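Next come two complexes, and both contain chain A; in the first it sits with chain B, in the second with chain C.
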Partner chain A sequence: MSRAALLVLADGRFPAGGHAHSGGAEAAVKAGRITSAASLEDFCRGRLHTAGLVAGALAAAAVLGVEPRELDAAADARTPSPALRAAARRLGRQLMRAARASWPSAELDALAGEFPKGVHQPVVLGVAARAAGLSPVDAAYCAAYESVSGPATATVRLLSLDPFDATGALARLAPELDRVADAAVEAAGRVVDEGVDALPAASGPLLEVGAEWHAAWPVRLFAS
Partner chain B sequence: MTVTGVRAHARIVARADGRGGTALPVLDGDGPLALRRTRASGGEARVMVVGAMSGPLGGDRFSLEARVEEGARLHVGSAAATIALPGQAKGGARYDVRLDVADDAELHWLPEQLIAAGGSDLYVTTRAELGAGARLVLREEQVLGRFGEEPGRLTSRLTVRVAGRTVLDQELSCGPGAPGGWDGPAVLAGHRSVGQLVVIRPEFAEQPPAARMLGECAALVPLAGPAVLVSAVSPDALSLRRLLDQALTLLG
Partner chain C sequence: MHLDHTHHGPSALSADAHRPDGTRRALRIGLGGPVGSGKTATVAALCRALRDELSLAVVTNDIYTREDAEFLLREAVLPPERITAVETGACPHTAIRDDISANLEAVEDLEDAVGPLDLILVESGGDNLTATFSKGLVDAQIFVIDVAGGDDIPRKGGPGVTTADLLVVNKTDLAPYVGSDLARMAADAKAQRAELPVVFQSLRGETGAADVAAWVRERLAAWTA
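Here is the complex of A and B:
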């Protein structure tokens, strides 16, 4: 298998529906909490160390072969907002379609058959990475990067922010992304021995509350 | 001289007394976790945690266990806010709460705020295990710093399991040295009070309350299980308490 599969999976143009989601940025922009490249960077930093870390560990654990059903239940317990649980499953379904077309595998087929309503996206990401022959750390990087790249591109559209500034913010987060991916892989290794309670449970209260507020708007640019 | 922190352990067991009331066959605690039985209300026993010492301070290890057996009803409150303070002993402080609520038992766990004073470093875990038919009201409020003060370091993990299944697992880390972005727009955005109210009732399995906002920075949400969470951030402890009280009234 090829390491370059990671580039395909992590590409923003991979047809898995991520472009329709802002990762909470739309709510934070409307609430006046993201107003500039600096506050975008701070938003992304917070999301990386909370939702990004959890997503990275879920994805890495799935690559290691931890039972997806258990990971999906653990993701539910770590996602109090029903709007975010629904978004994660919708994204999981879309990623499943793209992944099955890209890396046909019996495991992906079985997972799709067992959960017709979808599985949390990071779990599908891990099983897809496994099907593509990628490693736990690859999947963790992919999930952690998605946790910040989505809000960054969404904010460019929402605030007409300079794309160079948004990309600069992502580049400055790179060293922290390395640390989060390492922590996610380390936690995933413990899950194999200790069960899913060893997954990180880092949370951002305003991400959860903001997602509920956002879901109730009659008109939105992004789905979440 | 080596300074070591205080070790404190308190334990409560609530048991149905067979006459519609609740007995407390075990009520053990001292020092920072002294326990007092207060006037019962209906079939419910009431206990107050009355800390006879300050803390937890750096290096302290506190643990508090409450078990509510089948058919019993227990209400636990605290006489005052808990203030985490810096200590002379090395390392952070730790405070572990374990709650066990049997089938057909009920626990109201409503302590006062936990305040992370400047320079403190505390890791607190709360783990509630409920039987399938158990009922729970659990409130957690954290205040970052005393008035006008920089907060200490506080990490708080809350895990709730019903019938062996985890319905909520959340950790919040804030203060100096916490992972980046904790005070930014995704996590607290400058708010200094943060709280959670967990309500578990068997009837929520069939009829979960609908999600709703409570102001701009608080939401009531149904969890994946017979449980509801109210999550709120607020500028101060008073406004946070108002939000959580309002949510409890809404749930009836």
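Here is the complex of A and C:
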């Protein structure tokens, strides 16, 4: 297996449904919390250290072979918003299809069979990374990066933001992304011995509240 | 890509012709075309024409609302459980071509919920002239344009006009009022599409979508043969 598989998995064009989701950016734009490249960067920083950290740890733990069913339940417990839980499972199901086509594996098939309606996306991401021969830190990076790249590209569409400014914001977050990925891997290592309670439980209340608000809109551009 | 073998896994991946239980899945036909050309009205007319002889369902891909799905529900062309809306993140062409996962789930869920189905119509949100459906999602595609959008559209070509399995030129009843030359549109379409079929229709006329329905029946006969 090749490390370059990470590039395939982390590619924004990997056909796993992410393009239809804004990672909470649509609600934040409407609420006036994202208005510019600077406030997009603030939003992404918050999401990285909360949802991104938890997703990274879930993905890394799945690469280490922690039981996906337990990780899925732990992800539920860390996601108060029903709309976000539904979105995470929908994205997990979509990622599952792309992953099974890309890296056929008995583990992915078994997980898809056990949960036909999907498990939380970071868990699938970790099992997919495992099938691709990638390491826990690879999966953690992928999950953490997705937690900020989704809102950034969505905001380019929502605010007609200069795409160079949005990409610059992502680039400036890179050193923090390194630290979040390291913390996620460290937590995942403890999960192997201590169980899923060792997973981080950071959350952004406004992300959860905003997701419930957003899910009730009759007119919106993004699914979440 | 996976036409001739079944997976041992729990669900199909994309274009598999068979469902996990070994039965043949529904024929999937995509309808694309510019905003306002009459895609949803054609879907509604097809449902009325075919619902008594076929088991069918519809997936809509609205750009930012559920309007198309709600139009079909309001018109009561099918029971509500046979109509599903997919959200496309401001990019309907992405959802039907580059990342078809949400649409594949919608068609599979419809087959699970209300199947067995003979036919699923997948309607794209109104988009541009380059929007085409992935072969991993649909088995055939219809591109709908209208005479009021300009009679130069067939001449301009583009992937939809040039490669769709059926080109529908809609609203022919408006041609005299908008100065569109139907003969010119037909000649240009012939030049772009060679032997691929073209239907000129007015849903306000007596025949409605009968020609398109006949074409769908032919595709279905070939699919089940």
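Assume the second predicted complex is superposed on the first by the 224 of 224 C-alpha atoms of A that agree within 3 Å, B and C clash if a C-alpha of one lies under 4 Å from a C-alpha of the other, contacts with A are read in each partner's own complex, and residues count from 1 in each chain.
As a convention for this text, a residue touches a chain if its C-beta (ideal position, glycine included) is under 8 Å from a C-beta of that chain, and two chains touch if they have at least 3 such contacts.
It should be emphasised that the depicted structure is a prediction, and the values quoted were computed from it without experimental measurement.
Colleague: If we overlay the two complexes on their shared chain A, which of chain B and chain C does A:I34 touch? Say first, second, both or neither.
Modeller: A:I34 contacts chain B only, not chain C.
Colleague: Which partner does A:S22 contact after superposing on A: first (chain B), second (chain C), both, neither?
Modeller: Second partner only.
Colleague: Tell me the contact category for A:A4 with respect to chain B and chain C: first, second, both or neither.
Modeller: So A:A4 meets neither chain B nor chain C here.
Colleague: Report for A:L221: first if it touches chain B alone, second if chain C alone, otherwise both or neither.
Modeller: second
Colleague: Between chain B (first) and chain C (second), which, if any, makes contact with A:P82: first, second, both or neither?
Modeller: First partner only.
Colleague: According to the stated criteria, A:A112 is in contact with first (chain B), second (chain C), both, or neither; which is it?
Modeller: second
Colleague: Chain A residues in contact: does chain B have more, or chain C?
Modeller: B
Colleague: Quick check on the complex: what are the chain B residues that touch chain A?
Modeller: Per the touch definition, chain B meets chain A at residues 157, 159, 165-173, 179-182, 184-189, 194, 211-213, 216-219, 221-224, 229, 231-233.
Colleague: Under the touch definition given earlier, write down the residues of chain C that touch chain A in their complex.
Modeller: Residues 7-11, 13-14, 63-66, 87-91, 94-95, 98-102, 104-105 of chain C touch chain A in their complex.
Colleague: State the interface residues of chain A toward chain C in the complex, per the touch definition above.
Modeller: Residue list for chain A touching chain C: 13, 15-22, 90, 93-94, 97-98, 100-101, 108-109, 112-113, 116, 154, 157, 218-223.
Colleague: Given the complex with chain B, which residues does chain A contribute to the contact?
Modeller: Interface residues on the chain A side: 24, 28, 31, 33-34, 39, 42-51, 53, 73-74, 76-78, 80-83, 85, 176, 196-197, 199-209, 212-213, 215-216.
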